[in-house]
Each structure stands twice: as C-alpha cells, then as structure tokens.
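One structure follows; several queries about it will come next.
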Amino acid sequence: MDRRRIPGPEASVKPIIERADDEDTQHVAPLKTIDDIRQDGRSLDKIRKAWLAPGIITQANGSAYIEFQGTKVACAVYGPRATKISAFSGKGSLNCEIKFAPFSCQKRRSPQRDPQEKELSHLLFEALAPAVRLDLLPKSTIDVFVTILQNDGNGSCLAASITAASVALADAGIEMLDQVAACSACYIDDEIWIDCTLREEEHAQGSLVLSYMSSLNEITHMLQSGEISVSGTIRTIEQCTEACSKIYSIMGNCLLESVRRKLEKDNTLGGLNKKEG
Amino acid sequence: MTTDSIRPIDISYSLLTRVDGSAKFSAGNSTVLCSVTGPADVRIRDEKLDKATLDVIVRPAVGVAATKETSLAYILRTTFETVILLSHHPRTQIQVVAQIISDDGSIISHLINATTMALLDAGVPMKAVVVGVGSLVDDKGRISIDPTADEVEKAVSTHNFAFDSVSLAVLYSESTGVFTEEQVKSDTHDLW
Amino acid sequence: MSSTTENNNTKYTTENDQITSKSDEGNSNANKKETKFIVDADSIRRIQPLEYFRHFTDQKIRPNGRVFNRFRKTTLHLGSVTTADGSAVVRIGNTSVVCGIKAEVAEPNVNTPREGYLVPNVELSPMCSPNFKPGPPSELAQVLSETVNKLLKSSSVLSLESLCIEEGKAVWVLYCDVVCINYDGNILDASVYAVVSALSNVRLPKITYADGIVKATPDKTIELSLSRIPFSATFAIFNGEILADPDETEEVILEERITIICDEEGQLCSVLKSGGSSSTRETFSTCLELARNRYSVLSTIFKEASTSANTN
C-alpha cells in the first residue's frame, strides 16, 4: 500500500458495459465507409487536426502543449542544468520521462511509474537524442518531462510526446540539428492508416511510429511492431514522412508565432525603457 | 468532561537518556512522547546558511506513518519554526521525533504541548512557549474543550489552536467541519 | 524595478560595474572619489528577500504589481478530458491544474457496507516546477492530498452513501486525481476548486448488480448530488498585511498563511492558519470578508463553466 497517498480500496474494477439486446455487433459503426472515409471524416492518409502551443508552463525553461484531437500531451523542459552525475562527461545528458495522468486512459492508471511508461520514456530519448546538440553542453543535463493528459491511441501518444518535446526544447533555446516531428500509423487489413485513434488501433495487425527531421531529410527513430510486409513498411515510412513534414510546418509556424509575440512584448517594454533613459 | 475544562494532564521529562531533551505529555487517554536532538549535524542538502533546519517526524501509535502523520509533522514544523530562535544555530539541525502512544482526540494539540516541553528540556532557545488546545462544537451548538475521540466523531466541527504564551497570538489554527465565524470567535474568546 | 527603490532613503545604482551606494542626504555630488558599495535591486532581492519585499509593501503594492487584496485571473473549463468521468481545468494566474475523476467499482469496507469511496490525490510532478524532484510524493503533495481529503470528509461535500450500488457488495470509488501542469503558487485553492468542480461534472452510467457482476449502460447521464460546494481562498500575511493569492515567489519568503474555505450559504468549512504570529483578531475578520467575496467570484465562474459544459 502506498503510504504517501490517500489509500483507496485494495482493488477496483471498471463495470462491464452492457449494450441493449437489440444492438448487436453488426450495428456497431464500421471503422470506415466504402469511400475510405473514417469515423471522424478523415481519409486514410490524413493526420488529425493538431493544436500546438509553446511556452504554456512558465516555471520551465521551455514547454509545449499539443492536441491531436483526442490525444492531449504537455511537455516541460528544464535545462541545461548542472548534472548530478559525478563522472565527467564531455557530452550533456538527456533525461526523458513520460507519465500518463491517472485519468488519461480507459482504466485508471496508478500514479506510480509502470513498465510501459519506462519503455516510452526510453523511446522518447532515442527519438530526440540524435537531434539535440548535447556535445555543446558538457557537464550538463537536460530534463524532459512529458505528461499525457488524454490517450486516444498509444502510437499517437508517443508521436505527440516526441513532437511536443521537440517544440519544448526549441522553446527552451537548446540547440538542435533540426526539429523532430513524429507520426504514427497502423496497418489494418493490408491498408495503411495514418494517426489512428484507440478504437482503430484495436483492429490493427501492425503499427509504426516514425520520427523524422524534415529539413535534413533524416529519420531519427523508427518503431515498428506487429505484422507488416517489407513493401508495406516502406510505403508506410513514405506516408509517415509526408505526414511528418506537415506536422513540421505546424511546429515551425507555432514557434515563429511565439517568438514574434515575445519580441513584440520586449519591443513595447524596450520603447518605454528608452524613454526613461 | 465539562465545557470549560481540559482533561487531567500529566507531564514528565528527561525520560530518554540518548537525546538532548524529551518529554511525555498525557491528557486523559491521549499520550505523546517527544524527543529533541539538536543543534546537531545536518545533511548538506538540508543545510541552511543562516538558520538551523527543523526536522520533525511524527510516528503513529499503530502502523506506519502515512499522509496523516506527514500532515501533522508539517503543522508542527511550521508552527515551531516561528518560535524557535533558529538563527542562533545556523547550519545545524534540530530534530524532533514525536511518538503518539495513544490517540484519544485532538492529537495535534497534545503533539504541540509535548514538543514544547521536549524543546524546553533540551534547552533549545525559543521566543515563547507554544501551547496547543483542541475544541469542538457539537450538534447543539455547544462548545467543549479538549474533546475525546468519541466526541470528535460526533462533532459538527472541530477546532485546534496553538497560542504563543507571550503575545497570545494564534500561531496555528485548524478548523474543520461546518461552522460560523461567531463560533470560532467565542471559542477563542476573541483572540482570533 | 530599480526605479521604485528610489523612493526610499537609500539609492541603489550601478555605474561602470562598480558597486556603490549613496545616502540621499543632499550630498549627491560630494564624495565622488570614494568607492562606495552599491547593489542593484535584483541582488537585494536575492540577499535580503524580506527587505526587498518590504520596500514594495510599504508602498502598498507587491513586487509583481498586484495590490494586496487582488486575486489573479481565474478560469475554469469543465469536461475537457473525455477519458475521465468528470474533469476540470483550473488556471489561477499561471498556476494551472487538471483534475480528472475516474469512477470504478469496488467492495465496500466491512465496517461501512453502505459507503463508497472518495479518493483525492494531488500530484506535483517535476514537470510543473524545478523545485520538485521525481520520486514519491513530496511533503507538500502529501499535505495537499490530506487537506483536500479532510475537506471532502468533514464538510460532507458528497454523501458516501449515495455511491452505494449494492449494500455490502459493490460501491462506487471516485478517484479524484489532480495533476499540476504549472506551479506558480496557491496550489491549494486551485486543487480545491478543481476537485469540487470536477465532482459536479461527473456523469455516471446507470448501474445494475446481479450475481456478483456489475453492469453499466453505455450512456453516462447520472449526476452526483453534492451537498455542499466549498471553494477556498488563501492569503499570506506579511507584517500584519494581508496579501491575497500568493504566487510562487511570494510563497517562498512568506511563511505565514491563512486559508479560508466557505460554502454557498456563507458557512465556514475550514480555516487553516500556519506559519507565523503577526496576525491579529482583525486579520481573521478581514480575511473572512475577502474570502466571501472571492467565493462569489468563483461561484459565478463555476456556474458559467457548468452551463457551457452542459450545452456541449
């Protein structure tokens, strides 16, 4: 029993959702129509509408909040700050932590870190590390903390975390080779579906998460699981790359907008300061 | 137990030989044993350059310390930090360990009293003596002092206070339940 | 910032990286050859934080520009987290928290077979502030969780018997998890507001119990009936002055605090005071009045948020 939190009952379960008798599986809405239009109106190769805002966490050096409709992720970056590791290192260290909020998934998640979160944290590190200029930050550490507030697709959570972390690193002014945009895809009945929701993922045979640096045309990280043919994988990578480029331009626009706002604010204050001499 | 009187008190001190000061405070069936060690060495990460660090640990009568005990320790620490002359002993630690032996209502006030006595026994310099008292308002609107656990269970609101003996200022106050401003004022005879 | 210190007797200026100080006694042109000790305002803020703070409060203003009794801009959004059975996003100034409530079913405690569970939990993760380290909940997080728990229990915000599904067999458990996104002080007010608002936003399915199995309808329409809607107002006390809604920089240096939690009928649900001795009997009355005003402001925001959440 966790003695540092208010204890609840020893075990609790979600109630079984019972559908009325006259609804059977045939009446459950299909994932897509004949014309390949998904439930939310997208075609198979479109990502969900994204909403991205940097700088929302004022306490952090850099931060970002991203929403891909149902998937909501917040990221904060602290650093570069002095490292706690006593051994000298010519390169900085990047420490990533992903946490699901207890209310983010269908079943309540324990506030304690579980193996899935540890794995995702490591994947986030693998996706970001090639892009960050750690060699410019000896004896320092950069901490990246991600909280997933709402989960609508495990692949999209990881992709959103990578994207948000990249924007937050830029917001913190940490030098990078390029922004890392990430996108997820699923393989359902020999077709490639980009950016799947939780419901669509349940029917997938395989999945892929791709992290891509658009200007440099380089992939920093790729995670593929399940059953996809080799040609299928190559096609999925191509489609994900296109989707990542779209996300990349959204990231770029948001960062520019945020810098513009900061400069405007500084200019107004700068004008006042000049008057006072 | 009548409205205006507290339960019979029993205090004894210098009970523990391996610490700098100790005291046992009981009121009725509530008993708290408190020990104080300090000023003593402090961990570098807790060290304060201009003051002593006050570290309070509260242990329950039964079981392992949980959020409730952490909360009690927080109250003791923030209350005594204002009264102990911490700047007399910079870069040291004063550690207070309070063991609840039996809890029969308004334990925070007994913890405060036991801690005061133990600090006095240890000779830790303080601006004033801190006195704690608990009270409640029952469903008929009557106020009673120093309630037992059963009375607290049935109360509409409970009020715990700690006063500074010199200025009679309220150092700590915690009122929970459902109550009115007038009840709090008459409870403290307008000191608060 | 440096301009405000000029109103006091000692002028702090930096010239050519030399540290000098001048007493404003009319000798401004004299003694130029002597090196004097000047420290700029930002250094004073670090070396003598209380002194720096006092310079502002003497002018009846705070370093962040707010007047004493002003609370920061507060916003509330209900129902934004669709995976939760009820949710609230609260922003008080820069402090922002999200409370999500998940409802699950469990066996009741043997001693209380008709009572459900209300389990609040406040998470202060390293994401929201550089002061929090990863690991188990810090003392502050534990104290917050305990305070919210005590409030919900002692002022009977929700009757636990209303969470009963089948006596002795199945009851609702409402896990109220508060996640802090940005920590800029006054997390207690934000957490209480978030938990109470999220509880009002909870929608449960109709539930049936048969042969040890609990079944729920797919629609979530049942609201909780809250017996009380308490909101909180926190103040910091500095030299007898009451400062409403301390932010993070103020919390670090001002130890003395009062939190007053009242309900819709003006009754008090909680009065918590800790940390110092400069408050007087007038302090309590003044804080109470400010708390009641704050309640009506929060109540208006709450009603607007509820209406827009219900229409969506």
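Letters A, B and C mark the chains as written, and numbering starts fresh at 1 in each.
FYI, a residue touches a chain if its C-beta (ideal position, glycine included) is under 8 Å from a C-beta of that chain, and two chains touch if they have at least 3 such contacts.
A quick note: this is a predicted structure, and the numbers were derived from the prediction, not measured.
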(message) Taking the mean of each chain's Cα atoms, which chain ends up nearest the overall Cα mean?
(response) C
(message) If you average the CA coordinates per chain, which chain's centre is most distant from that of subunit C?
(response) A
(request) Find the geometric centre of each of subunit A and subunit C from their Cα atoms only, then give the gap between the two centres in Å, rounded to an integer. (result) 29
(message) Nearest whole angstrom, what separates the Cα centre of subunit B from the Cα centre of subunit C?
(response) 25
(message) Centroid from C-alpha atoms only, then distance subunit A to subunit B, rounded to Å. What do you get?
(response) 48
(message) Please output the residue numbers of subunit C that touch at least 2 other chains, ranges allowed.
(response) 142, 145-146, 149
(message) Which positions in subunit B are in touch with at least two other chains?
(response) 67, 70
(request) Would you mind listing the residues of subunit A that make contact with two or more other chains? (result) 4-7
(request) Can you check the complex and tell me which residues of subunit B touch subunit A? (result) 64-67, 70
(message) Using the touch definition from the top, list the residues of subunit A that touch subunit B in their complex.
(response) 3-7
(message) Using the touch definition from the top, list the residues of subunit C that touch subunit B in their complex.
(response) 139, 142-143, 145-147, 149-151, 154-156, 228, 255-256, 263, 267-281, 284-285, 288
(request) Going by the contact rule at the top, pick out the subunit A residues touching subunit C in the complex. (result) 2, 4-19, 56-60, 70, 72, 74-76, 78, 81, 97, 99, 101-108, 111, 143, 145-147, 149-152, 276
(request) Note which residues of subunit C are touching subunit A in the complex, please. (result) 3, 81-84, 87, 94, 96, 98, 100-102, 104-109, 117, 119-121, 123, 125-130, 134, 136-137, 141-142, 145-146, 149, 173, 175, 177, 179, 181-184, 205, 207, 213-218, 248
